[in-house]
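Below: one structure, written as structure tokens.
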Amino acid sequence: MTVRAAVAGASGYAGGEVLRLLLGHPEVEIGALTGNSSAGQRLGGLQPHLLPLADRVVAETTAEHLAGHDVVFLALPHGQSAAVAERLGPDVLVIDMGADFRLTDPGDWERFYGSSHAGSWPYGLPELPGARAALAGAKRVAVPGCYPTAASLALFPAYAAGLAEPEAVIVAASGTSGAGKAPKPHLLGSEVMGSMTPYGVGGGHRHTPEMIQNLSGVAGERIAVSFTPTLAPMPRGILATCSAKAVGGVTGESLRAAYDKAYADEPFVHLLPEGQWPATASVQGSNAVQVQVACDAEVGRIIAISAIDNLTKGTAGGAVQSMNLALGLDETTGLSTIGVAP
Amino acid sequence: MTVRAAVAGASGYAGGEVLRLLLGHPEVEIGALTGNSSAGQRLGGLQPHLLPLADRVVAETTAEHLAGHDVVFLALPHGQSAAVAERLGPDVLVIDMGADFRLTDPGDWERFYGSSHAGSWPYGLPELPGARAALAGAKRVAVPGCYPTAASLALFPAYAAGLAEPEAVIVAASGTSGAGKAPKPHLLGSEVMGSMTPYGVGGGHRHTPEMIQNLSGVAGERIAVSFTPTLAPMPRGILATCSAKAVGGVTGESLRAAYDKAYADEPFVHLLPEGQWPATASVQGSNAVQVQVACDAEVGRIIAISAIDNLTKGTAGGAVQSMNLALGLDETTGLSTIGVAP
Amino acid sequence: MTVRAAVAGASGYAGGEVLRLLLGHPEVEIGALTGNSSAGQRLGGLQPHLLPLADRVVAETTAEHLAGHDVVFLALPHGQSAAVAERLGPDVLVIDMGADFRLTDPGDWERFYGSSHAGSWPYGLPELPGARAALAGAKRVAVPGCYPTAASLALFPAYAAGLAEPEAVIVAASGTSGAGKAPKPHLLGSEVMGSMTPYGVGGGHRHTPEMIQNLSGVAGERIAVSFTPTLAPMPRGILATCSAKAVGGVTGESLRAAYDKAYADEPFVHLLPEGQWPATASVQGSNAVQVQVACDAEVGRIIAISAIDNLTKGTAGGAVQSMNLALGLDETTGLSTIGVAP
Amino acid sequence: MTVRAAVAGASGYAGGEVLRLLLGHPEVEIGALTGNSSAGQRLGGLQPHLLPLADRVVAETTAEHLAGHDVVFLALPHGQSAAVAERLGPDVLVIDMGADFRLTDPGDWERFYGSSHAGSWPYGLPELPGARAALAGAKRVAVPGCYPTAASLALFPAYAAGLAEPEAVIVAASGTSGAGKAPKPHLLGSEVMGSMTPYGVGGGHRHTPEMIQNLSGVAGERIAVSFTPTLAPMPRGILATCSAKAVGGVTGESLRAAYDKAYADEPFVHLLPEGQWPATASVQGSNAVQVQVACDAEVGRIIAISAIDNLTKGTAGGAVQSMNLALGLDETTGLSTIGVAP
């Protein structure tokens, strides 16, 4: 099979990462690369790490340029995907790396994004119960947010097994690429190096309802989520430190058994041996997820921690994984669990 | 007043930081600098940032070398302070930057440190209710741990005002200097740059009982603490993200009022204006504490976040602040609230 | 003496650093803080590390707001200083941290800046032969560029002693704050962390003619300079690696003697002991300069290396040092040789 | 073809990187992994980024454990490779990533390494004139040092074309992984973050004679090299800033033509378009080399700059590239020119 893929938003971080992965995908041929302000420029100046594409020129993001592909990856600002997808036709596989089609509840969307809801697409987190079936053969995929990917994979086995009380506290540290490539003063290297700082505190972050949706779906009841994101002085990576009260009788053994069961056959999620903890450096550039879990008996809480690369498993790797499923390819094609470390 | 001060453990990070501050203290004259493996070396090779002391030679850490000073700062591995302090006599002000005399409960000490308890000294966190009185004129001071400093200052006003339920969840990111200068593989620059990783998860960190002690003392009941420390890719700084269920009826206003009241007259704790969040870079090299607090109404939790410099307010600055109080000097002498940023 | 000082450009990195230093200067009272796009904002949101000034509001940069001060520091984009200085009157000490008045040769200015030359002011690098005399009592001071400060202090003693051939090769690494606070894509944290990259290669950097001017002035003949600046993944600091052919007969001893002589009485320049090399971390936040020099006998070259903090000695510290000289204060008032490390 | 490969020194950075690359090599099966102090440990704890090998156990580095492989990669401290290679027999392809067999001149070896010379093997920098022929079918390969790789590729086309005078000045910045994984105080994250510092100044670095050997071999005359390495605050990458006097009549055009010719058919060396400069982030994790060159007419110098990943093209990628040539595989098999950025 040769799949012809286009990438809209090729000059940004998500677009660059999906191109990095597609270059190594044996079944994909890279077609149109489109952008807005970058249209007309050589990719070599915009994404200098993608040497094989250095001489490609970015086209404008129009339905014409995106036509004629089997798969179109959208890395667009939120609110723009619906219009583009509509013009691509129902037979093209459209994979939206933005937020537009992640939330199933229109009220959530409106409250957090302030615009009208475009709808919801099959959710591209195959490790969630039931998700793989919905992705097989799909023509539309909503790629999860990076924080929800990390937090959901850290916590869902506890909820699936009924081991955790319905309130989770999630504190996650993200590398700066999660904030995108548009230059803003607080994202300058001078500002971020040497600094840890929170943002979107108190429930305001747009990834909160997505976490609630994922965990509630698994638990069968509404899970409240207190989510605090922090910006860390590194380009890539998310470390999600999650906890919830354990229900009565939960032990380290029952907890570990639940995670063992959830992840025994997952190709990308690696439950670390006891005593070893996730590190973002270990998954840099890889689609792997490192997970560890412990029970703090003193306070009766489950502590579940995951590390991902926000751009790979958290965005573009998750997108390619879902593409593989939608196209009927082996889910791991073109994806790696090998990080670039140190 | 001229106070003659000695520093035991002058070649490490805590020792270096206390020397940095004492060099700028108008009432202090720096006397003996002692060490173990560094004895006999010029300080210029060990602490090349302390130019005025470059030609000073490190002496061995013995009671003889530490004798004859008004103040002795101990930056020693835990378990060594008691023996040294005993030989210094009761009239010398001994300020222990290690853990030995922080915990009041011998059982806590034995459980977390595995040795017999040396006792407890006045606790050098002046901002805690009642602490200043105990420090005035004291001859022995136990400097708090860096994480307990950050977490206690983030949370205690909520407990002092009876606004929070007795279980706190604390996730803190620390710069690598908190792990000391002894070279270990996981602390190599190659390992830490680009990586966030937790450690001591599940209640095992030695700073946990100290946090419980501080918060319980303020609350008048036992506060359970779930504490997860993480190592962040920066040399200095702690960002403590703390939360607890709000008791019924707490609003953003009542919460802010409690913090306003707690910190109105504190010279080093700065409650940020609403909407601005702490950043470790802002307090780099300074004794200031940035604090912000919010109420997440959706989940009914108080989120309190603080940023400190782990070596300054978290160790050596806190030590000098306590020294000032113990000696009857103005508490802020030789200390600054101005960070070195960017 | 109490000197009232204003800072134009208070929201940028140079402005922030001069404020940081002036806050610790015993003879200075901080007056107007002005800016352009930041006018009307609280300084606490713009420079959150300067807690004592958090509630000050930035005024617009106008002659009216800058009037009535003894000293005015200008941290403006190049080309704007002359007009402002003119309106301040001849009795006000005006210290320009920009480039406008650094070059004495109008042709150099026009070639590198593309506008007409505003003139030249006494040059604020007191360590250069003859510079102190010109600064004493001056009412106008041109603060040197950060790279020329580092490179000139590394090399001039070799030229002053006639030990080096008239062609210098200078490769310098700078922290990102040297590029300013205006957000540009290549200065994003995501881009700079983990990356070293050159810029302005081949003689094009505007600091090149200033280096030539300084070294030629000392040598009494034109010194050619090949200068390559590189951007390093750190917020602050310049490491300048400089070399030149040694004239015949130069030995390590004669070289060291020349540097010893040049820097024996300099309060801020520290010639390191043999075998120890400069490190930017050691001078972070300090006005110190670390210098080391060696003779590579095999190739007959002098290698001279310096480390400075680009914002302190390289900009704002140099400015305050010159202010002290101009006002007749002790040159070291309010300045420190103690770095914030690690 | 399936090639069975062993790696001696599997727990270090060079060993880890060669394993990372071999995991993606379609013709290689990974056999024994050996070490010294790490023997008996799971690789998952030592190289947590290599998930597919997490359960492999490190064996002791003995001839027995290394026997029975087609290729053996040696990542050993210098001085140990000869004895191991001898016992492996002449039919096994032995690729030494250490220094032992790089230098052809015994006097150079003795002067820089202080031991007796073990000999010299075909030199694994295929891009050097004549090198490919010597590597084809070889059974022993000496992998170049990381700095000599970067510097030789930056400069040799100028020497091959007779455009540069025989004295080169090389200033290179390296990520910390180049210094290895053995913990030393100056390599701690606390020390290296925020700091640039030189070392081995004045001709003493052991990579200097290797650079001289490479450039002299191309030039047909002895090239003097002034080399200053610096340690940069990043885990990976080398930026080599190299210059030499241009011979009379050299222009930007003739220079560019020489580089175009040298690299037109090289799969891994990318001569950047004019105006774009190398950045280490762009080659992170990739075997690519970014090169740019300019003529500074004012001073008559050629400035040639290269960026590599010190662990990939600078060590393990170069080793795999040479393995491919030695085995008669396509030179690019299992190697990528795609970096992991940002």
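The chains carry the letters A, B, C and D, assigned in the order they are written, with residues numbered from 1 in each.
Just so it is clear, a residue touches a chain if its C-beta (ideal position, glycine included) is under 8 Å from a C-beta of that chain, and two chains touch if they have at least 3 such contacts.
Everything numeric here is computed off the predicted structure, so don't read it as measured data.
At the chain C-chain D interface, residue numbers used by both copies make up over half of all numbers present, so the two copies contact each other through mostly the same positions.
Between B-D and A-D, more C-beta contact pairs join the chains of A-D.
Work out the mean CA point of chain A and of chain D, and you get 35 Å between them.
A straight line joining the Cα centres of chain B and chain D is 45 Å long. In chain B, 13, 175, 177, 188, 190-191, 193-194, 233-236, 279, 281-282, 284, 342 are the positions where the chain touches two or more neighbouring chains simultaneously. Taken as a contact graph, with one node per protein chain and an edge wherever two chains touch, the assembly is complete, since every chain touches every other chain. Residues 13, 16, 20, 23-24, 42, 44-45, 47-52, 54, 177, 193-194, 235-236, 270, 272-273, 276, 279, 281-286, 288, 290, 336-342 of chain C are the ones that touch chain B when the two sit in their complex. Looking at the complex, you find that chain C touches chain D at residues 167, 169, 171, 173, 175, 188, 190-191, 193-199, 201-203, 224-226, 228, 230, 232-237, 239, 241, 243, 277-282, 284, 292, 294-299, 301, 303, 305, 307, 342. Contact residues of chain A toward chain C in the complex are 13, 175-177, 179, 181, 183-185, 187-194, 233-235.
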